[in-house]
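After the structure tokens below, expect a handful of questions from me.
In order of appearance the chains are A, B, C and D, and numbering begins at 1 in each one.
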Amino acid sequence: MLTTRVQPGPFDLGAEVAVLTAGRSDIGAVVSFTGLVRDVALTLEHYPAMTERQLAAIAADAAARWELLGATVIHRFGSLAPADPIVLVATAARHRGAAFAAAEFLMDWLKTRAPFWKREAGGGWVEAKATDDAAAARWVIPS
Amino acid sequence: MLTTRVQPGPFDLGAEVAVLTAGRSDIGAVVSFTGLVRDVALTLEHYPAMTERQLAAIAADAAARWELLGATVIHRFGSLAPADPIVLVATAARHRGAAFAAAEFLMDWLKTRAPFWKREAGGGWVEAKATDDAAAARWVIPS
Amino acid sequence: MQLLYFAWVRERIGLDAETLALPEGVATAGALLDWLATRSEGHAAALADRNQLRIAVDQQFAMMDTPVRDDAEVAIFPPVTGG
Amino acid sequence: MQLLYFAWVRERIGLDAETLALPEGVATAGALLDWLATRSEGHAAALADRNQLRIAVDQQFAMMDTPVRDDAEVAIFPPVTGG
């Protein structure tokens, strides 16, 4: 089951992982990543129609690369305070290797392919990081 | 804050992550790993005095290798049914790279260095996996 | 053609969207940017540094040589910073 | 000396723990296992395959050549399978 959602409000990590694993006993490993606002309040702008497409495409890409038994991707937008959660990725698989790799992949892909832009409160637009491009480049399949 | 616990009962992923991040705004990334019983009920035996020492040592080792802002390791013992959670690892850091790497390290270390033994219901003792040894070998610092 | 602008591209142009007829002879995303840059000082400022711009055609990432048609939705924005 | 056995080592020996006086001349974990194997058929069966055994001395992983003393807690068990 692949779930992707874009929403202004918070998400519940425990509840999302419970949904991901509900009613099945073939899952041996669940990895979650929660991204939080550090230090300075942010506003997240996004491109709604493209965001939905990209999140679905990113999740499908992860499911094609690893034997996932489920994945959830939730990304918030709007005004966020320090310590607020921004993004949740959760992956379920029989074994931990696939769950860890797919979660890292999803985060690297989100950072470089999902149309969100962060603006710091009282400051400017956050600049894209070369380290995110480098992290995403690990997953590019040579054509 | 490093938290390690061995207990027979379940744990609450959302609550543990909330404790890990409570009251601070310097954490940008939290990674969690939950291990679940697959398919067949298990009994987990352990060596209590050594388990406590090993879990504390494993967590300290992770904190020495990466700039963690917190880590939680909880391992259950006793009788567990299919789909029951067995183990929780959660790591907090400024950036996702350290949080992901430390969580993988902790799981690889737990699988090969924490004194637990699984027995399948109606079956025998689970054998150690060469893949776990190989995964743990990634982290050995050449002496 | 539907044009959408985000983040500082939106701010510099002073619009979040505009609907324009694609002029004859403008057939790629790159040519579209060249033409848009002539529309106002804001457009010119927003579109000056191509290395800092990303383009999506019909909600998919595109290159400067990606073809554009008059019925397309073209979005122009800085490198993404979500996650 | 306090001896502790876990998992199938415990089952084959038929004890989860025993307190024994370390005999003279037994100075390493390996020598201890050789001596323990002579104590009963169960001990012999449990301790036959050294590749399948792990040892902890005072709750720390040890090697066959790790020194053991009479005041030590020595645990013998199969490779761990937690996590």
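FYI, contacts are C-beta pairs under 8 Å (C-beta built on N, C-alpha and C of every residue); 3 or more make two chains touch, one makes a residue touch a chain.
Bear in mind the structure is a predicted one, so any value in this text is a computation, not a measurement.
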item: Steps needed, at minimum, to go from chain A to chain C via contacts; value: 1
item: Inter-centroid spacing, chain D versus chain C (mean Cα positions, whole Å); value: 73
item: Geometric centre distance via CA averages, chain B-chain A, whole Å; value: 22
item: For chain B paired with chain C, centre-to-centre distance based on mean C-alpha positions, whole Å; value: 48
item: Multi-chain contact residues (two or more partners), chain D; value: none
item: Chain B residues counted as touching two or more neighbouring chains; value: 35, 107
item: Interchain contacts, given as pairs of chains that touch; value: A-B, A-C, B-D
item: Chain B-facing residues of chain A, complex; value: 12-15, 17, 21, 24-39, 82-83, 94, 96-97, 99-100, 103-104, 107, 135
item: Contacting residues of chain A [partner chain C, same complex]; value: 35, 44-47, 49-50, 53-54, 75, 86-87, 107, 110-119, 124-129, 132
item: Parts of chain C lying in touch with chain A, wherever the complex brings them together; value: 4, 6-8, 56, 59-61, 73, 75, 77-83
